[in-house]
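Next up, some structures in structure tokens.
The following pair of complexes shares a single chain, chain A, combined with chain B in the former and chain C in the latter.
Up next is the complex of A and B:
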């Protein structure tokens, strides 16, 4: 009897380890398959359109304003900011591969020397500081405009996030655990809304698939009347369940972005975009 | 004369009584807030802070400053209860998150 129990314990714990130790590639397969089986009529790349991939009425409304997107001016401002030289004569192009064009799909990156996830916004600020400029506030404002412009130069490029070594895997796993952990007074995880309840309504809003979440950021939200970065959206979602939001570019948010973006590997960049 | 001094000492006794009651309540309020603060800090360390706790803490501290000890204690206790629940959540989610994976 005792032996049987031992065997049982070993087997169940093996089971747990197996689930937890699925490789990022296996995770991604399961994640993407879940949505594609759930919404067989939605093409893979259309998941990047969020709720509009699932809700035709909302999509019609949204598409009717696509000729004059509400973010046009901010996007132009972003291009200007991007090209404006710093006081030392250099500019953003000097800090990035390919002059900063068509690179959005490779962020966030894991920096193996610093053992840290580097998001595009973090890289933008590090570029500024390296050139003697002050850091911009995260979440909104100029940094979101610059990031929006950079995203626009990646239109159609497929997201390609890599997990280069064991330390990167730790960051990835931490982001994964964050995504699936219930938090806040309402005791909801990201997955509870964006996986288990995807397509259903929460108050008046259809819940978007998490597949495709990072393809189109920064997002211009009508509710904000300006661009917000992905971390600003994380903060809004934290608040919805009465969890204390974290600071933009905090380690937990960067790891979360790393995991979430890996899940969308293979989807095309289609940002910036507008949302309610 | 005798009655007068008796009355006086009684009054002094009464006033002492109220100050001790008051002192006790103030230190109780301070202690309740300190306890709540420690629990709140633990939820932050655990990465499971609720955004409902911070306002309760602010209100409790405000009530303490206004010498409204009863309110301060009530709010601090409410904050403590929430922090304890957040810590239970943090503990549970250490393993429970695995049950939320898509299949």
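Up next is the complex of A and C:
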């Protein structure tokens, strides 16, 4: 009840009252329109560059290192891992459509048989297990490198997430609920920072738009000195507000990723990317 | 006699004053520390205040507090739970969620009134 109230309060403040029972498509329209009206000078694709779409100084610094991106070695390692055969002689290409190339824009997917959101990282691990390999840890390391390589083969392809049936809609609604609910001792929702206060500064950190959040993951953060998956970033944002971070690929995080990625439908994949 | 008494009295007042002002200063310092510390108030995340380095700009600058908040209870309520006044406030409910203790909030208030 309290959560629903928050959803309404926030959405009402965005100038849209009827959204609690809007379709995903209507949600997406409102969501994208909010950012485009708030930042009329930023093109739709550019929202995928996060804070750098809003802060020119930060962008100049960031662009000056794009000739030699800090993730180059890890990205190459990801390509090698992707192509290396498993012990049984098969490899990742055998598990995915189109040999695993140019598919990032279709993840996460709703699997209508298992009634569950399947993210790219989950699919990578399921591919390994199907082929007799052990699962990789979810937040960083090899899985992030492989995912980064796969994202790079989708450069420029437009995100196209689908909500195929009523069960998918439930998962979507749960993700949406997570996004708008306040949590943690400090009492923040994702929306408080990335919608309500987008573009403002928390100390010296500009708050990025949630539109475009999923386009460029995994992200290589200078603070991490390696790649992290989207779920690793969710966990960092949970910790910032002293909320209990969830495990990578937990159902809540997968549903959140589903909602968040749907909101970015139509934006081009531009990952992996580097961030402060 | 009188000429001796006065300096004594005077001295006493000076000593007393300096003790009092030291106490006031100490509590002000504590209050400032509570306001600035990232693990405590972290007010600088959102508010420009005092000589704080790299403040955020989510909330309004905290200035001329005495004039703007003559009633200490109202200022305390804002810090205790900002959502009472503004239900969609993003400001953390410092008292209600036990982010700061009551004693810490009192020190913080003393400090805010120096701004």
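Definition applied: the second predicted complex is superposed on the first by the 258 of 276 C-alpha atoms of A that agree within 3 Å, B and C clash if a C-alpha of one lies under 4 Å from a C-alpha of the other, contacts with A are read in each partner's own complex, and residues count from 1 in each chain.
Heads up, the rule we're going with is that a residue touches a chain if its C-beta (ideal position, glycine included) is under 8 Å from a C-beta of that chain, and two chains touch if they have at least 3 such contacts.
Quantities reported herein were computed from a predicted structural model and do not represent experimental measurements.
Enquirer: Which holds for A:130: it touches chain B only (first), chain C only (second), both, or neither?
Expert: neither
Enquirer: Could you tell me if A:185 is touching chain B, chain C, both of them or neither one (first, second, both, neither)?
Expert: both
Enquirer: Touching A:244, do we find chain B (first), chain C (second), both, or neither?
Expert: After superposing on A, A:244 lies in contact with chain B but is clear of chain C.
Enquirer: Under the stated touch criterion, name the partner, chain B or chain C, that contacts more residues in chain A.
Expert: Larger number of chain A residues touched: B.
Enquirer: Who does A:162 touch here: chain B (first), chain C (second), both, or neither?
Expert: neither
Enquirer: Which holds for A:203: it touches chain B only (first), chain C only (second), both, or neither?
Expert: Touch partner of A:203: chain C, not chain B.
Enquirer: A:31 in the overlay: touching chain B, chain C, both, or neither? Say first, second, both or neither.
Expert: Only chain B; A:31 stays clear of chain C.
Enquirer: After overlaying the two complexes on chain A, where does the chain B footprint on chain A coincide with the chain C footprint?
Expert: Correct list for chain A: 185, 187, 192, 196.
Enquirer: Mind pulling up the chain A residues that touch chain C in the complex?
Expert: The touching residues are 6, 9-10, 13, 185-188, 192-193, 196-197, 200-205.
Enquirer: Please name which positions on chain A make contact with chain B in the complex.
Expert: For chain A paired with chain B, touching residues are 16, 19-20, 30-31, 34, 177-178, 180-185, 187, 189, 191-192, 195-196, 238-239, 242-245, 252.
Enquirer: Which residues, counting only chain C, touch chain A once they are in their complex?
Expert: Listed in rising order, the residues of chain C that touch chain A are 44-46, 54-58, 83, 87-88, 90, 92-93, 97-99.
Enquirer: Quick check on the complex: what are the chain B residues that touch chain A?
Expert: My answer: residues 44, 47-54, 82, 85, 89, 92-93, 95-98, 100-103.
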